[in-house]
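In what follows, structures are represented as structure tokens.
Look for subunit A in each of the two complexes below; its partner is subunit B in the first and subunit C in the second.
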Partner chain A sequence: MTRAPERIVVVGASLAGLAAAHALREGGFFGSLTLVGDETHAPYDRPPLSKQVLRGLYSADTTLPRHPDLRATFRLGQPATRLDLSERAVELGDGSRLPYDRLLIATGTRARPWPNPEEAALAGVFTLRGRDDAQRLGARLRGRPRRVVLVGGGFIGFEVASTCRDLDIPVTLLVRDAVPLAATLGPRLGGLIGEVARERGVDLRVESEIEQMEAENGRLLAVTLKDGERIETDCLVAAIGTLRNVEWLDGSGLQADAKGLRCDAFCRALLHDGSVAEGVFAAGDVARWPNPHDDDALVAVEHWGNARAQAETAAGNMLAGDASAMRRHDHLPDFWSQQFGLTIKLVGLADSADSFAVMHGSFEERRLVAAFGKDGRTVAAASIDSARWLPAYKAAIRERVPFPPIEDAVDQPHIRVQEP
Partner chain B sequence: MDAAAGMGASGRRRGERIPSPYLPVSAALPAAVSHRHRQSESLLMKVVVDLNRCQAYAQCLYAAPGHFALHGREALVYDPSPDDGARGEMERAVHACPVRAITAYPDDTTAGEAA
Partner chain C sequence: MSGSMLFEQILDPANRANPYPLYAEMRKVPVARQEDGTYVVSTHAELARLISDPRISSDDLPDPQKFRWTGHPVTDLLVRPVRAEIRKRHRPFIFRDPPDHDRLRGQVMHCFTPERVRGMRAKTQRITDDLIGKMRGKSRIDLVDDFSYPLPVTVICELLGVPPEDEAQFHGWATQLATALEPNQRGDEETRAKNEVCFNEIADYLQGLIKDKRKDPQEDILSDLANDRDGMNDFDLVATAVLLLVAGHETTVNLITNGMLTLLRFPEHGERLRADPEIAPRLIEELLRYEPPVHYRTRLALADIPVAGITIPKDAPVIFLLAAANRDPARFIDPDRFDPDRPDNRHLGFGGGLHYCVGAPLARIEAEVALVSLVRRLKGVSLTEDPPPYRPGASLRGPRHLRLALNGAAEG
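Up next, the complex of A and B:
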């Protein structure tokens, strides 16, 4: 039995870090609790940044609610720079050292910068990840750019495109793949979202990439695509994915690389030799662990719901004493996206699905629940404006029931199994 | 995570279990904090909605009409940082949500001190 912790340090003061802090207090921990964050902001919520914050609806202050009795010390604007496992201490940018009995690593990710640094530095070229990014881009959108070019066919790109159309700003969305969002939703649903975007006036280009940017006096003027076409623009948003914040762990002995910090099923960080790093846990976007819903494949789930759930599991395990009392992290991946007035939700992992069937509603109504199958088993379900029916499929996905999970339905007398 | 019912409005002592963030704001707050916040005009509340949970029952729209809205059939947008004057409406919204997706606390600096 390990001694009960007296000092807990959480590196990463965002959703996962704050959720862990709440869960630690709920779990009865009343020792010293310190959260370290490289940004000066108190923990804040990111999903509204690409939507209502950019649009200027309500407040831009998305600081997450903190329980009045949280009793945590925040070291903000102070990145962790080094981890000393043998001394059990975290070193901060100002040279100070924080000793810990348990450590939670929740440093998350940052926006992948535009690969050409000269182009990335141009006025008018943006990325979107944090509050400061949203403030800068929001201010630019209020200045009414002539055209916004969005690079990246993921959800952030689509959400920002939707916001631009709400503001009646012309927008071109460049997607490298043949079908947008297909990696997450499959080509059928991804194609549907692409169709909706086009109807709302988005100039959506698939299999399209930027060859180079044109600038004058350090300001973006236009982009040239790989097919030679030139598009005039004074605002470009690169939404081309994320990088994991693991550099500060270099030399620590932990197994951390571009794919994330390797953990076991109990959120315990692993050393290079595969053994458990005593007292060190991880949660959120930075953590990569064997996912029971993906045949124990090593995945990092970069979603809001996982950040919170994994932080709660990790917090419980930090207080568990010994391994026999620890709980496996078996959160079923889930996420939502709001764009063009539609709410898209997914539970499970659809990226390797081989079959697809509409359970309720239809593509024509743009209101549906669809299930995804893999090797004859149900692995995921998605909804478009039908969130109320989605939870009904969670158990089927957890248990991997035969696909399709239902044979017929009132509005679908014959469930038709298709390719995703 | 919906546990920890029966938490009174009295202050808690060290080591006492604190309620889940999903608890309604009124039940989660010590009396002293509530009182202090009611005295001040300039304080804010902080609100977050778990949109994985949200199923667009729209009860929050009726409870706090200035702070929640639907854009389309199910896309909920909300004020993450309403003025403390919205406290009563926010409490009603937290209670009205059939899937308990709303968390709201006063923006209290004692929740954590910058150091």
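Up next, the complex of A and C:
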């Protein structure tokens, strides 16, 4: 049994960091609690940034509610720069050292920058990850750009495209793959969303990439595509994925790389030799953990729900004393997106699925629940504008029931198992 | 007592005043088969799960009419089957499944906007003040007849757009039609015949009202629904209006009456609410758990459904005993204690899943305004009988009368 912690440091002051802080206090931790964040903002919520904030319906101040009696010290605007495991201390950008008895690493991810730094620096070229990004891009959209070019076939790209159409701004969306959103939803559902986007006036180009940008006086003027076409634009948003904030862990001895910080089922960070780093835990987008719903395949989940759930599990385990009292992180990944008037939800992970079936509704109605199977069992379910049945599918995924999972149900077409 | 007969005991009006010991007995088998082949779900975990299971249908009303030969070929072969089919297709959405349910409910939700519901608070307060005003100088009242009934009736009529002079008519219709929501009464031939007459009357009345709303639209839900270009057909419109009317009546009456009864049984909580109206929202959530207005709802299994170690067979009627799940000790600590400070109070007082109560935000406002005003203004109030007499319904369960002794009412 290890000694009860007196000093806890949480590196990362976003959703996971704050959720962990709350859970630590609720779990009876009375000692000193410090949250370190590289941004100057207090912890805030991200989902509205690509939607209501961009559209100008909410202010960019999406500060998360904080318990009045949290009694935490916030070191904001201070990136953590180094971790010293032997001394049990975190070093900050200003050179100060924070000693800890338990450490939670929740440094998350950042937007992957546009690969060409000169082009990335042009006025009119944006990425979207944080509050400041949303504020800048929102201001630009309110200035009514002639055309927004979006690069990236993921959910952020689609949500921004949807917001632009709501604002009646012309949009070209460039997707590298043959089908958008396929990595998350599979080609069938991804194709459906792409179809809806086109109907809403998005100029969607698949298998399309930028060759180069054209600028005048440091301002973006046009882009040229790989196929030679030139598109005039004064606003480009690069939504080309994320990078994990692990560089500060270089040389610490922790197993951290572009795929994330490796941890075990109890959210404990692992060393290069695979052993547990004493007192160090991880949660949120940066953590890479064994997913019990996928035969312990390692996964890093960049979803709101996981960030919170994993932070709570990690916090509980930080106070647990020894491993026998720790709880496994067994959150079933879930995720939602709102775009083009549709609410899309996903439970489980569909990226490795080998089969697919519409369980309720239909593609024609654009209102459906679909299930995904892998090796004969149910691994994920997605809904478009009909999330009410999802809890039943969630239970089916947790229980690994055979695929297709739920037959003879309400509003169910003849079940036809297809490729995803 | 045999578990397979328990639900019959619950239906027995003799057990209406305190069904909770029977519910505790019921929960010993989370999903219990009754002698007639009905399955009763009474535990929180199982209920929360099945309420979102797509193999469970809400389309469980018996067929509208038993076929009887009249000897007249046009009636027997044409009129009757067509009428029966039309009725079957035009059930209110509480008895329907997706996709129709979702479409109709969506259209209602579209009119039931948060602004509109919030806008009813001031009106609710005015009606409340009027009703309490009439209690000044009185030493006895019946809370049900003098308050709990007229308040929601007036509110729902106003919201729907029923002219005040027609409210009295609605009262009678709503009471009769509420029996359609009492599964143990709706199978009864006499009740069904009465309901049919009543439904025809109310339908005729509403058809007329809908015509008026189309000619001269007002700021009300019926006007919105009637003038929505992509809206519902007239059958659905009438069915929906009747549903909102009945549901808006019968349930809130119980919530307010049960609320006052509970506050008088545990006067420390009444006193606390009087001193600090800010606790009202939490207190009302606890009320929805502790004495919910709707005790159970019925469903139909469309497939064999494995749950809690047994299998509910295809075509079996299923009863969701919401009020029993609300007292499940596996989910709520010390469940038989009324405790407004209860954390994480995920009660099933408004149901759950697809059919979660459309009127929940309105009910919360009505209950809050009513209970806060009652505890603040009624002077020296006490119960004259406990338990009070109950209405016969086991599903929409609540007192028929709540006779109170008091020392008048303070000015508003």
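Here, the second predicted complex is superposed on the first by the 418 of 420 C-alpha atoms of A that agree within 3 Å, B and C clash if a C-alpha of one lies under 4 Å from a C-alpha of the other, contacts with A are read in each partner's own complex, and residues count from 1 in each chain.
Basically, a contact is a pair of C-beta atoms (placed from the backbone, for glycine too) under 8 Å apart; a residue touches a chain by one contact, two chains touch by 3 or more.
Since the model is a prediction, treat every value here as computed from it, not as a measurement.
**Student:** Touching A:364, do we find subunit B (first), subunit C (second), both, or neither?
**Tutor:** After superposition on chain A, A:364 lies in contact with neither partner.
**Student:** Examine A:168 and indicate which partner it touches, taking first as subunit B and second as subunit C; both and neither are also allowed.
**Tutor:** After superposition on chain A, A:168 lies in contact with neither partner.
**Student:** So, A:335: does it touch subunit B (first), subunit C (second), both, or neither?
**Tutor:** After superposition on chain A, A:335 lies in contact with subunit B alone.
**Student:** A:273 contacts which: subunit B (first), subunit C (second), both, neither?
**Tutor:** neither
**Student:** Would you check which partner chain A:388 touches, where first means subunit B only, second means subunit C only, and both and neither mean what they say?
**Tutor:** A:388: touches subunit B and subunit C.
**Student:** One more residue to check, A:22. First (subunit B), second (subunit C), both or neither?
**Tutor:** Once the two structures are laid over each other on A, A:22 reaches subunit B alone.
**Student:** Does subunit B (first) or subunit C (second) touch A:412, or do both, or does neither?
**Tutor:** Touch partner of A:412: subunit C, not subunit B.
**Student:** Going by the touch definition up top, name the partner, subunit B or subunit C, that contacts more of subunit A.
**Tutor:** Of the two chains, more subunit A residues are contacted by B.
**Student:** Is there a shared patch on subunit A that both subunit B and subunit C touch, and which residues make it up?
**Tutor:** 367, 388
**Student:** Spell out the part of subunit A that touches subunit B in their complex, as residue ranges.
**Tutor:** So the residues of subunit A touching subunit B come out as 21-22, 25-26, 28, 30, 34-35, 42, 45, 47-48, 51-52, 57-59, 61-76, 304-305, 308, 312, 334-336, 338, 340-343, 345, 367, 385, 387-388.
**Student:** In the complex formed with subunit C, which residues of subunit A make contact?
**Tutor:** Within the complex, subunit A contacts subunit C at residues 359-361, 365, 367, 369, 386, 388-392, 395, 406-412.
**Student:** Along subunit C, where are the residues that touch subunit A in the complex?
**Tutor:** Against subunit A, subunit C makes touches at 48-49, 52-57, 97-99, 102, 302-303, 314, 353-354.
**Student:** Which residues of subunit B touch subunit A in their complex?
**Tutor:** So the residues of subunit B touching subunit A come out as 1, 4, 12, 14-15, 17-21, 28-30, 33, 44-48, 50-52, 54-56, 67, 71-82, 103-108, 110-115.
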